[in-house]
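In C-alpha cells below, several structures.
Shared between the two complexes below is subunit A, which pairs with subunit B and subunit C, respectively.
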Partner chain A sequence: MATQNRRDFLKTVSSIGIVTAGVAATPTKLKADPENILSNERNGVLVDTTVCIGCRRCEWACKKSHDMQPGSIDDYDDKSIFDIKRRPDHTTHTVINAYKGNSISKPIMLKAQCMHCDKPACVSACIVGAFSKKENGSVVWDESKCIGCRYCMVACPFQIPAFDYHKAIEPDIHKCDFCAERKGNGKLPACVEICPVEALTFGNRADLVTLAKDRIKKNPKRYVDHIYGETEVGGTSWMYLSSVDFATLDFPVLSADTAPGVSESIQHGIFAYFIPPIALYALLGGIMYISKQKSNKEEE
Partner chain B sequence: MELLHEALPLKKKYFTPGVVVLLILAIVGMAFLLARFVFGLGAITNLDNQHPWGIWIGIDVAAGVALAAGGFTTAALGHIMHRDKYETIIRPALLTAMLGYTFVALSVAVDLGRWYSIWHPLIFWNGNSALFEVGICVMTYVTVLYIEFLPIVTKKFIGNVRLKGFLAKLNKPLDSLLRTLDRGLNKTMFVFIIAGVVLSCLHQSSLGTLMVIAGSKMHPLWQTPVLPLLFLLSAISVGFPMVIMESTLASRSFGLKPETEVLSSLGTIVGPLLGIYLAFKIGDMFIRETFYYLTEVTTASVMFSVEIIFGVVLPLRLFLTKSVLKSPQGLFIASLLVIFGVLLNRINNFLVAYNPPYATSSYFPSVGEIAVTVGFICLEILLYRWFVNYFPIVSVPSKPANNVKYSVTGA
Partner chain C sequence: MKFFSMLILLIIPVLCIAQPTQHSELKFNCSLCHSCESPTKTNPCLKACPRAEIITVHHSAEEAPGYIILDKFKNVEDNYAPVNFSHKAHAEMSVMAGGCEMCHHYNPPGRVVACSECHSQSRIRDDLRTPDLKGALHRQCIDCHRLWSSDVACADCHHENITNINKADPVDRYHPQIEEPERLVYDTDEMEGYVTFYHSDHTNIFGQECNDCHKQESCVSCHIEEQMLGNINLSQEEKHDACSGCHDTDGDCESCHKEQITPGFYHAVSTGFNLSKYHSKVECGGCHTTPKVFKGLSGSCAACHKNWSLENFEHSITGLSLDENHSENDCEDCHVENDYKNPTCDNCHDEEIFYPDFLPGIMK
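And then the complex of A and B:
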C-alpha cells in the first residue's frame, strides 16, 4: 500500500467513487467493509492554541450549522463556564476549555472536537460499518446503519463520540463531522469560518504540517516542538500547536501506532482466508471420527 | 446398562419458596426493563459518555458467554472425543448453553440504543470489527444450539402429539414430521456439533479482541495483544466447573443423588486447563513487565490480585488435591471459585480496567442495571427448572429396572 503510485491511487479512488455512486443509485445497500479513504488531498485544521482567545464563537457556529439550538451568540461571552471542564456531547459537538498555562497570566484556551484520525478506531470498530473516512478527511457517522451499541465510544482514543442516553427511540451518536456537507458545497467548516483570530487554519493536511513546522521554527520560544496529531495514532486531520507540553493540557499520550492496528491484525489473523476456522473444523472432525472408531472397537 | 443413561423429565413440583423468590426478582427486573424501553438507557442506567458499557455488557454478555462454555466443552469431550461416561452431563450443559446464549442475545438487545436494528449486522458487514465477528458467531451459534437441542424436543413429542379439538387432525402429520426431523438430525448432528465447537472457539476469543482496540484506555494489567487467547483459555477452563456447579445444585434442589463419580473425573481435567490459563496469564505479565503495577495498592492492582489468587491459583490448588476431587462439597467450592475468577476477569476487563482519558467519575452500576441483570439470571434459572421438569434432560442415576414404563419412546 505504501508504494501505491498516483495512478493506482486515482484508479482506486475512482473505482470507489463508482461503487459509491452505484450504492447511492441502488435502493438496497451493498455488503461491504466501510470506506477508509486516505486521499493525499484530504483536509485538515491546524489549531494554534497560543492564538485562541476563548470567545466560543466556534461553539455557536457549530451548533447553528448543525441545527442544534445555538441560542443567542451573546450568551457565549459567559466566562464562568470555564470553571469546569466540558466535553463534546449530544448538545454540542465542540467545546472550548480553559487550562492554566505556565507562568503566563492568560489561560490556554483549548478547542475539543473529533480529531478525524487517518486510521480511525471508530471506523474499524463499528459493527455495521456506520462510520467512514471520506476523501476530504471527514470521519462521518451514518444514521441509517447505526444500532446504538456504543462500541465506537469504547474504541475512540480521544473519547469523542457521544450518545443520546435519554432518547428511547432513534438515539444518535453525536460527533463533529468536520462539516462534510458544508465542505461539499465549497464552504469552510463553520468553526473555521467564524473564528475572529484565525486560531483555526483550514487546508490540505500535508500543507498544514509544513505550516506548523514553519511556525515552530520561526518562534521556538512560543511553541513546544511538537505538532499534536502529526503522528499520534497514525496521524489525525486536526492538529494542535501549543506553548506547553500537551500532557498538561490533558491530551492523551499516544504512540504513532494506529488505534485499530493491533485489533485488526488479530482479527485478520484468526480469520485469514477462513483457513484457521476450517482447519479447526477438519481437525475436530478427524478426532471425532477416530475416537468413534476406537469406542466402537472397544464395544465389540 | 443402557437404562442408566436414560434422561427423563424430572416431573417434580415446580413451585417452591425459592422459586417464588426468583419469580419476584425476575418481575422486578422486567419492570426496570420496561422503563428502559420507555425512557431510554439513561433513565435507569449509570452509563454516560465516559462509560458507554456497563454490567449489561460486562456481566450479562461477556461473562454470560464465558459461563455458557460448558456447552461446547462437554460437547467436545463427550461427542468429539467420545468419552461415553460423560454422556449424562452433556444434555444439562447443552440446556445451560442454550438458555445462556439466548439471554446473552437478549442482554445485547436491551443494551443496544437502537434495539430494533439488531439485525443490521446481517446486511451491513464490517470484517475489521471484532464486535461484528462476535455478533455473527453468536447468532450462528445460538441457531446451532437450538438445532442441537431439537432431538430432545422430538424425543419428547414423538408418539405423544395429542392436540385437541379441530387441531386433532394435525396429530398424525406432526408426528411423522417429528420422526423425519429426528432421523435427519440423527444423521447430520455431527456437522452441528463440530460447528458448535468451532464457533465457540472463534467468538470466545474474539470477545477478548473486543477490548484490544480500547488501547491505552484500558489498564496495562489487562490490556494485552494475547487477550483473545486468555479469553479462550479461561472460557475452556470454566466450562466444566459450571457443569459441576449446576449438577450439584440441581441434584440438591430436586433431591437426587449427586453424580459425584462423573463430576470427580470431570474435575481432574479442570486442574490442567486452569494451569495452562495461569501459565499464559503470568507469562504475559512477565513479558510485558506489568507486575510493576502490582507494587502499588490501587483498585486495579487489588482487583487483579483477587482475580488471580482466588479465581485461578486457589481453585487450581484445590482441583489438584485428591481429597477435594473425591468430595462433592470440595468440588462444588473449587468450581465456584473458578466461576468467580472468570466472572471477575470479565468484569475487570470490561469495566474496572476501562479508564478513558477525560473521565471525571468512575462507573458503578445503578439499581436498575443490577435489577435487570439479577432478573435475567433468575429467569434463566426458572426456565432451566421448567425445562428439566418437562423435557428428558437430567439422567436419574441407578433407576430400578421396573421404571422402564416411564421412559420416553421414540429414541
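And then the complex of A and C:
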C-alpha cells in the first residue's frame, strides 16, 4: 500500500471538493429544460383580465368536459360567490375571483388555474414521474404513477395541485390539464371555447407574447406594462394582462429563475457522473485509512 | 398547386371587400390613402389605413335595420339561442352618444361593413389580434350594458336554446319614449345660488335637437345605479359643456346663476319683444347674430331688417294688404316717429276714422 502523509491526503480531499463544487455550479440540463422537452410550437393562453366579465362559464365548461358534476349553467350567474376568494380544488380545476377595480361597475375578474409552467416545479418535485410537461405545453398528471406524496402541492409556486383529502382510498391529485384530450382532437380547451368575450386567447405561446406586447403598446392606459407569466419562474404557458399591478391581484411576485432551478442544479450536481458520491466514499475511506494507521502505530 | 388555389380563393373575397363602391366619388384627398401621385391597380402604393379619419356610416337611424338576429356562429350544441338585437333602438340612442361609429368602428367609405367581414367566425384562426365574432359581439354589448347593470347574465339577452329552433317572432323594439323634464334646478355650491334650466323650452321654443346638447352621452348618464351617483366629479368646464354652445359660460355668470329659482323665459315678458306674431319660426341665431350674445338688440324692425325701404317693403307680410288709396303713402304718414305698434290715421283723416276699427286695406 502506498504511503500517504497528512499533507498529501488534504491535497486529495480539497481537489475532490473543488471538482464537486465545480460540477454543482455548472448549469446542467434540467428535467424541465425547454431544449429537451418544450417545442417551439407549444400552446398557451393569454388571459386578458380587462376583458373578462366574470360570467363563470369557463368554470361550468371545465367541469362538464372533465365529468365533474357541473350542475345547471344558470347557477353560475350567482355573483354572491365572489364575496370570498376561492382556489381551484378537487371539485373544480378553475375559478373566477373578483377584485376591486378602478370602477365600481367593473370589478377585475381573475381566472385561476394551473399556469402550465415551462419549467414546472411539480414535474421536478414528483419522485415517481407522475407529472410531465408535454410538447404542446400542457403539464399533466398521471393517475397510474402517483403515490399521493403531495410533493407537487408543496413545490408549486402557484399552489395549484389539489388533493382528495376526503377520500381515504385512491385519492387523486386534481389540477387543470389544459384539456390535453380535447386539444388532441383538434378542439380548443373547454374554457377558451365557451368564453363569450374571448378574454382567453388560445394560440402558439410565442405568438401570444407578441400579441400581448402589441396590446400593451396600443393601449398603454388600459394595461400595466407587464405580461405575467412571460418570464415568471422561467415562463408559463398561461399568461395574464391586467390594468393594475399584479401584486394587488394576489399574484405571487416571482423572479425569472425557474422554481426547480436551484434544487435541481444542487441535486443533479451532487449525483453528476457519480463523482461526488465517489469523492465522499473516498473521503470516508481516507479517514478510515488514516485512523487505522494511527491505531496501528499506537499498537506498535 | 393547392397553395395557389388557396391563395386565389383568399384574394378574391379580399378584393371584393376592399373595392369601394364609388371610388371616384370619395370626398377624401387621394393622399389620405395613397403615397404616390398616380396610384394604379398594379401599384396602389397604399399607406397604413387611416381608419380613424374614414369611418363613415351614411345610414340614418330610420334607414337602419330594425332588428338583426345574431346567428352567424350558431351551433346546435350552444346553450343559448341567438340574440334578436334591437338595432334601430340602439341606432336611435347612439345619436346622443358617439353615433353609429360607436359600434361600426371600422367603415371605409361605401356600404356598411358587416362585423363578420373582419371578425372571424371561428375561434381557431391565424390572426389573433382581432377578437373572433362571438367575442367581438359580446364585448360590444356587455362593455356598455355592464356599466349600469352588474346583471349581465346570459339570459338577459338570450333565450335558452331549443333543439328545434323556431325563431320567435322578432319584432322591432324601440327605446321607450324619453320623458323630458320641464324644469331642472341646479343648486350650485360654488356660486351660492341656483341655475334654473327650462329643458322643454329649449327643445320646444328654442328648437334645440337632443344631440345639440347631448353629444357624447354615455348610456350610464340615465341608466345609472344609485351607488354610482356620488362618484361623478365633473370639472367646471364639463359642467358647462352643454350650455356653452349657445351661452357665454366664461364671463357672464349672472345670466344663469341667480339667487332664487327663476321663472321660465318668455321672450315677450323678459325682453318686451313679442315673437309670437311674426317671428315664432325664426331661429334664435336669425336675429341674435353674434354668437352667445342675446342682449342689446333693439326692438325696432329696422334693427334687423336694414334693407327695408318704401320701395321694396311689401306691407302684406304684416298681415294687412294696403288698398290702392294707401299703397302710395309714406311710412311716416301712419307710423309717426317709427311707432309701428300704434298706427295713426290723424295725419289724413279726422277723428271719425281711427285704427283699428277702420283699416287701410284687407286683413288676411
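Rule of thumb we're sticking to: the second predicted complex is superposed on the first by the 258 of 300 C-alpha atoms of A that agree within 3 Å, B and C clash if a C-alpha of one lies under 4 Å from a C-alpha of the other, contacts with A are read in each partner's own complex, and residues count from 1 in each chain.
Everything below uses one rule, namely that a residue touches a chain if its C-beta (ideal position, glycine included) is under 8 Å from a C-beta of that chain, and two chains touch if they have at least 3 such contacts.
Fair warning: this is a prediction, and the values are worked out from it, not measured in the lab.
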| said: Do subunit B and subunit C fit side by side on subunit A in the superposed arrangement, or is it a clash? | reply: fit
| task | Using the touch definition from the top, say if A:A259 reaches subunit B (first), subunit C (second), both or neither. | result | first
| request: Examine A:C195 and indicate which partner it touches, taking first as subunit B and second as subunit C; both and neither are also allowed. | output: second
| said: If you tally the residues of subunit A touched by each partner, is the higher count for subunit B or for subunit C? | reply: B
| request: Scan A:K106 for contacts with subunit B and subunit C and give back first, second, both or neither. | output: second
| query | Can A:A206 be said to touch subunit B (first), subunit C (second), both, or neither? | reply | neither
| query | When the two structures are overlaid on chain A, which partner does A:A247 contact: first (subunit B), second (subunit C), both, or neither? | reply | neither
| query | Is A:A272 touching the first partner subunit B, the second partner subunit C, both, or neither of them? | reply | neither
| message | What does the superposition give for the shortest Cα distance from subunit B to subunit C, in Å? | response | 27
| said: Residue numbers of subunit A touching subunit B in their complex, please. | reply: 29, 31-34, 85, 87, 89, 121, 123-130, 145-151, 153-155, 157-159, 161-168, 170-171, 250, 252-254, 259-260, 262-264, 266-268, 270-271, 277, 280-281, 284-285, 287-288, 291-292, 294-295
| field | Interfacial residue positions of subunit B with respect to subunit A in the complex | value | 36-43, 45, 47-50, 52-53, 76, 79-82, 84, 108, 111-115, 117-118, 120-121, 123-133, 135, 190, 193-195, 197-198, 201-202, 205-206, 209-217, 225, 228, 354, 356-360
| Mind pulling up the subunit C residues that touch subunit A in the complex? | 79, 123-124, 128-129, 131-132, 134-136, 138-139, 142, 146-148, 150, 152-155, 225, 227-228, 231
| note | Residue set of subunit A touching subunit C in the complex reads 51, 53, 55, 57, 73-74, 77, 79, 104-106, 188, 192-193, 195-199, 201-203, 207-208, 211, 214
